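Just so it is clear, A, B, C, D, E and F label the chains in written order, and each chain counts residues from 1 on its own.
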Amino acid sequence: MAMKSLTYFAVLYLLALTLPLAIASDPSPLQDFCVGVNTPANGVFVNGKFCKDPMTVSADDFYFPGLNIAGNVNNAVGSNVTTVNVNNLGGLNTFGISLVRIDYAPNGQNPPHTHPRATEGLIHFQFNLGHTPAVAIAALSSQNAGVITIANTVFGSNPRIDPNVLARAFQMDPNVVRDLQNRF
Amino acid sequence: MAMKSLTYFAVLYLLALTLPLAIASDPSPLQDFCVGVNTPANGVFVNGKFCKDPMTVSADDFYFPGLNIAGNVNNAVGSNVTTVNVNNLGGLNTFGISLVRIDYAPNGQNPPHTHPRATEGLIHFQFNLGHTPAVAIAALSSQNAGVITIANTVFGSNPRIDPNVLARAFQMDPNVVRDLQNRF
Amino acid sequence: MAMKSLTYFAVLYLLALTLPLAIASDPSPLQDFCVGVNTPANGVFVNGKFCKDPMTVSADDFYFPGLNIAGNVNNAVGSNVTTVNVNNLGGLNTFGISLVRIDYAPNGQNPPHTHPRATEGLIHFQFNLGHTPAVAIAALSSQNAGVITIANTVFGSNPRIDPNVLARAFQMDPNVVRDLQNRF
Amino acid sequence: MAMKSLTYFAVLYLLALTLPLAIASDPSPLQDFCVGVNTPANGVFVNGKFCKDPMTVSADDFYFPGLNIAGNVNNAVGSNVTTVNVNNLGGLNTFGISLVRIDYAPNGQNPPHTHPRATEGLIHFQFNLGHTPAVAIAALSSQNAGVITIANTVFGSNPRIDPNVLARAFQMDPNVVRDLQNRF
Amino acid sequence: MAMKSLTYFAVLYLLALTLPLAIASDPSPLQDFCVGVNTPANGVFVNGKFCKDPMTVSADDFYFPGLNIAGNVNNAVGSNVTTVNVNNLGGLNTFGISLVRIDYAPNGQNPPHTHPRATEGLIHFQFNLGHTPAVAIAALSSQNAGVITIANTVFGSNPRIDPNVLARAFQMDPNVVRDLQNRF
Amino acid sequence: MAMKSLTYFAVLYLLALTLPLAIASDPSPLQDFCVGVNTPANGVFVNGKFCKDPMTVSADDFYFPGLNIAGNVNNAVGSNVTTVNVNNLGGLNTFGISLVRIDYAPNGQNPPHTHPRATEGLIHFQFNLGHTPAVAIAALSSQNAGVITIANTVFGSNPRIDPNVLARAFQMDPNVVRDLQNRF
């Protein structure tokens, strides 16, 4: 696939002004690239994504600008996650990697969560103890890592989990559970 | 290993001022973590690294500050790579992931290279076409990706490759090869 | 390693009275088996476990009786998990698989949890809607899958997470968080 | 894919009366699930299975009842294997795991066999030395492990292997080989 | 899939006259085989290849004769590589392995190159120091390993890399770079 | 690990007279190489092999001459397998690949067998229908693939399998089984 290599070679010959993304990783590709596209309309689904026609692949499929732009942290938890994964950068498909930029307001937090398809799955969070905004870059070992925010998933599931079940699990009063379910 | 999970939970409860690193990825760990240490002095070597005694692991093993600091690009190629991998952030061991910050001077380049243990291995480079400094963040799918800079490896190997062999491979005059070997 | 194959052959020639365990799986072993042992006393740790001396391996290293015995469900959640993994069945080491037997009292639950090293990591639970005891067998794709019970990990971590952080994450009053932390 | 997580969450909220199956494992899924369906009729085949339309996935795709029911052991070898794999529980697709229940009559055997796509491939068998029926649960590290029963495969292949070839391999008289081939 | 096993069994019952290829390897197949076919004409692409209809698979899909035939080494580098991979032996698909026969003239070389999808990616070459022709057999851990010949890729890419960029990377005069680009 | 890369570079700069072996494959190495050594004498065992001290690695660790030499086929089955694996070519360690040369007398066979740690595990054999000697090269996807010859393993195991068990499995008379066990 020498021609494709050359194409990819040209792909990285790009203008890197401020925080462009240059991903270079590969767990087990079977060809030089398989730029992910949305599932075709004919109702056939696969594990992951189909590939874009290799003849139409260009530099734009591998380029994600704007990681230098701060996210809006005016929200309930005081943080914002900008995700760069296969859904907005198709070239990441089959490469097993993605990135996020996390912005934190002072005292902001990225609340307890897990990543079901990429990380070790331990529950983790970050909290900005400082008096100034903060920024973190995190890498994840999947092009489609996912995120399960604990509070939303447990108390905000749709359909609702029986409040009596959660009350026993969390040793709360069922009315407290119902109140939490109403907020999420 | 519930106690370890709690420890790790606390580990991420850190102050994120400016560009701290929060890695969260995991291809196939057999325990929650195995912070890499240098090979013990008794002459036993393994594929990868031995683990730090889990009882002595702390938050510092997972924390790498300073990605907000620009590298020095006053050099022959006009670029600088700051690498965060298992050798300077032991907590990355077994997680199959690392990060680099690349700084470019105007017209600076990260010259043609491959990553033998992490990337797809295609030869790639970046060149800053702009008139201002540039910064890129790249993620690699190995805690120890390595880098093979083409020019250095081909013309700067030690011991030297026979100039007549390289002359035939690159269709150069052997004297040009000898001259290049003297520069690298 | 023909002799080892023969040994293993004999290993499975066992008396299977009631619910003995016959595990047969293998993601990527480098030899026929590597029966896991605890880390040696000389302070060297690896990702996973060292192997038992192959010359001393016998049928007992691959045999786990008693899955037919019900667990005690007289506890806060009305369920009991009997785990068969590398820690109590060393022969599972390197085979990437383990099993659990789960007993449920009427209305008992296995509360919301994830498995950080084996499962897809989605939060899941089971609840026995029936009026009689129930039993489930679950297989997990790791010899050391781990379990993170959400409620215990979030509200019972040691050291405690700052109640104000959890209060914001779960949109609870900080006093409710403190009360939950005292229970777990 | 938050909505899918919630759906899956609900999926496991099921009635576990007697030996329901709750599989939770995952070697390398690229999305939360890919319930396997038979190859579509348009003649396109893939390695493994296509996915069911995620919008039509429900709890039944993850639920296999009846492991509490004994198999019929009135046969030549005195044993019965009840297999739960991707072919009768589509939700197992991409999860790399399956289960079998093995019933043994007194003196029954599960004859020498290997599992080509899941186990370590060593030839193994089980024999019930006891005077009562026995039951075993075995987990396998593939959603489609397969089984190659030695005697059937060697002497019962279709088309037949040349009896002279088998005679030399097994150091038998060719007429004995022909006789065995007639029985299988 | 017992019928397929029998088919494959017959497949290997072949006439092995001189250097026939009998590949037997398997990193992670989900079925006994998936003979690779070219992407169907309806414009759907996947990572790797679709499978040939299993009902039409025969011995020819697994058989590659002619490794005993020397390649033509009358060329610029004095060597020839005969590649056996998924593109000319469809049965290798999903088996993660391929083979090459390399012929060398006296003083011939297989010039510096890497294998982007199969090998460790280090740049390597072979040179025949002897006064007679030589032959090597090399195995690669991919059914589609690829090869990136350094000189061709760097100086022969299409479109051309800016000569000033290569001049700085290789510390050559830009005119020397232009001259090399004209040769490749 | 630039120095090691250069060393390996030199390693392949070898004299390739007749059928030298140049292996280039790599499933998941964590460093450029880990030349396998026998388990140290202090009684510590791992899955696979410990590494040779990298400072003492040389070209000989990657070089296996003699694949051009025919094996002795004067034996019961009329074939001979020359194996090149991690046990006689330490440099193959962690590379997940090995090679065999198989020689066949006229009418010789490589009898029915499986490879427990490398191949798909299906039972296979080769038979030379021709009237001249034949040679095959086979690649296997493990540095330590193993081989389980069916006849030897079933009828030649030590300790012996109860003849009545095998008689039932193979539908043979127990006396025929005893006779076969005496031959193997």
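The definition used in the following text is that a residue touches a chain if its C-beta (ideal position, glycine included) is under 8 Å from a C-beta of that chain, and two chains touch if they have at least 3 such contacts.
Keep in mind it's a predicted model, so treat the numbers as computed, not measured.
*Asks:* Could you check which of C-F, A-B or A-C has the same interface as B-F, with more than half of the contact pairs identical by residue number?
*Replies:* C-F
*Asks:* Looking at E-F and B-E, which pair shares more C-beta contacts?
*Replies:* Result: the pair with more contacts is E-F.
*Asks:* Distance between chain D and chain F based on Cα centroids, please, to the nearest Å.
*Replies:* Going by mean C-alpha positions, chain D sits 29 Å from chain F.
*Asks:* Between chain B and chain C, what distance separates the C-alpha centroids? Give it in angstrom.
*Replies:* 36
*Asks:* For chain C and chain D, what's the span in angstrom between their mean Cα positions?
*Replies:* 23
*Asks:* Provide the list of chain F residues touching at least two other chains, using ranges where the numbers run on.
*Replies:* 5, 9, 13, 29, 32, 44, 46, 48, 115-117, 119-123, 125, 127, 142, 148, 153
*Asks:* Could you list each pair of chains that touch, in label order?
*Replies:* A-B, A-C, A-D, A-E, B-C, B-E, B-F, C-D, C-F, D-E, D-F, E-F
*Asks:* Please output the residues of chain F touching chain D within their complex, sorted ascending.
*Replies:* Result: residues 76-78, 109, 111-112, 114-117, 119-123, 125, 127, 148, 150-151, 153-155, 162, 165-166, 168-172, 176, 180, 183-184 of chain F touch chain D.
*Asks:* Please give the residue numbers of chain C that touch chain B in the complex, ascending.
*Replies:* Chain C residues touching chain B: 43-49, 116-117, 142-144, 146, 148, 152-153, 157-159, 161.
*Asks:* What residues on chain B touch chain A, complex-wise?
*Replies:* For this pair, the touching residues of chain B are 5, 8-9, 12-27, 29, 32-33, 67-68, 95-99, 102, 104, 115, 118-130, 132, 134-142, 145.
*Asks:* Report the residues of chain C in contact with chain F in the complex, numbered from low to high.
*Replies:* Spelled out, the residues of chain C in touch with chain F are 1-2, 5-6, 9-10, 13, 29-32, 34, 40, 44, 46, 48, 50-54, 93-94.
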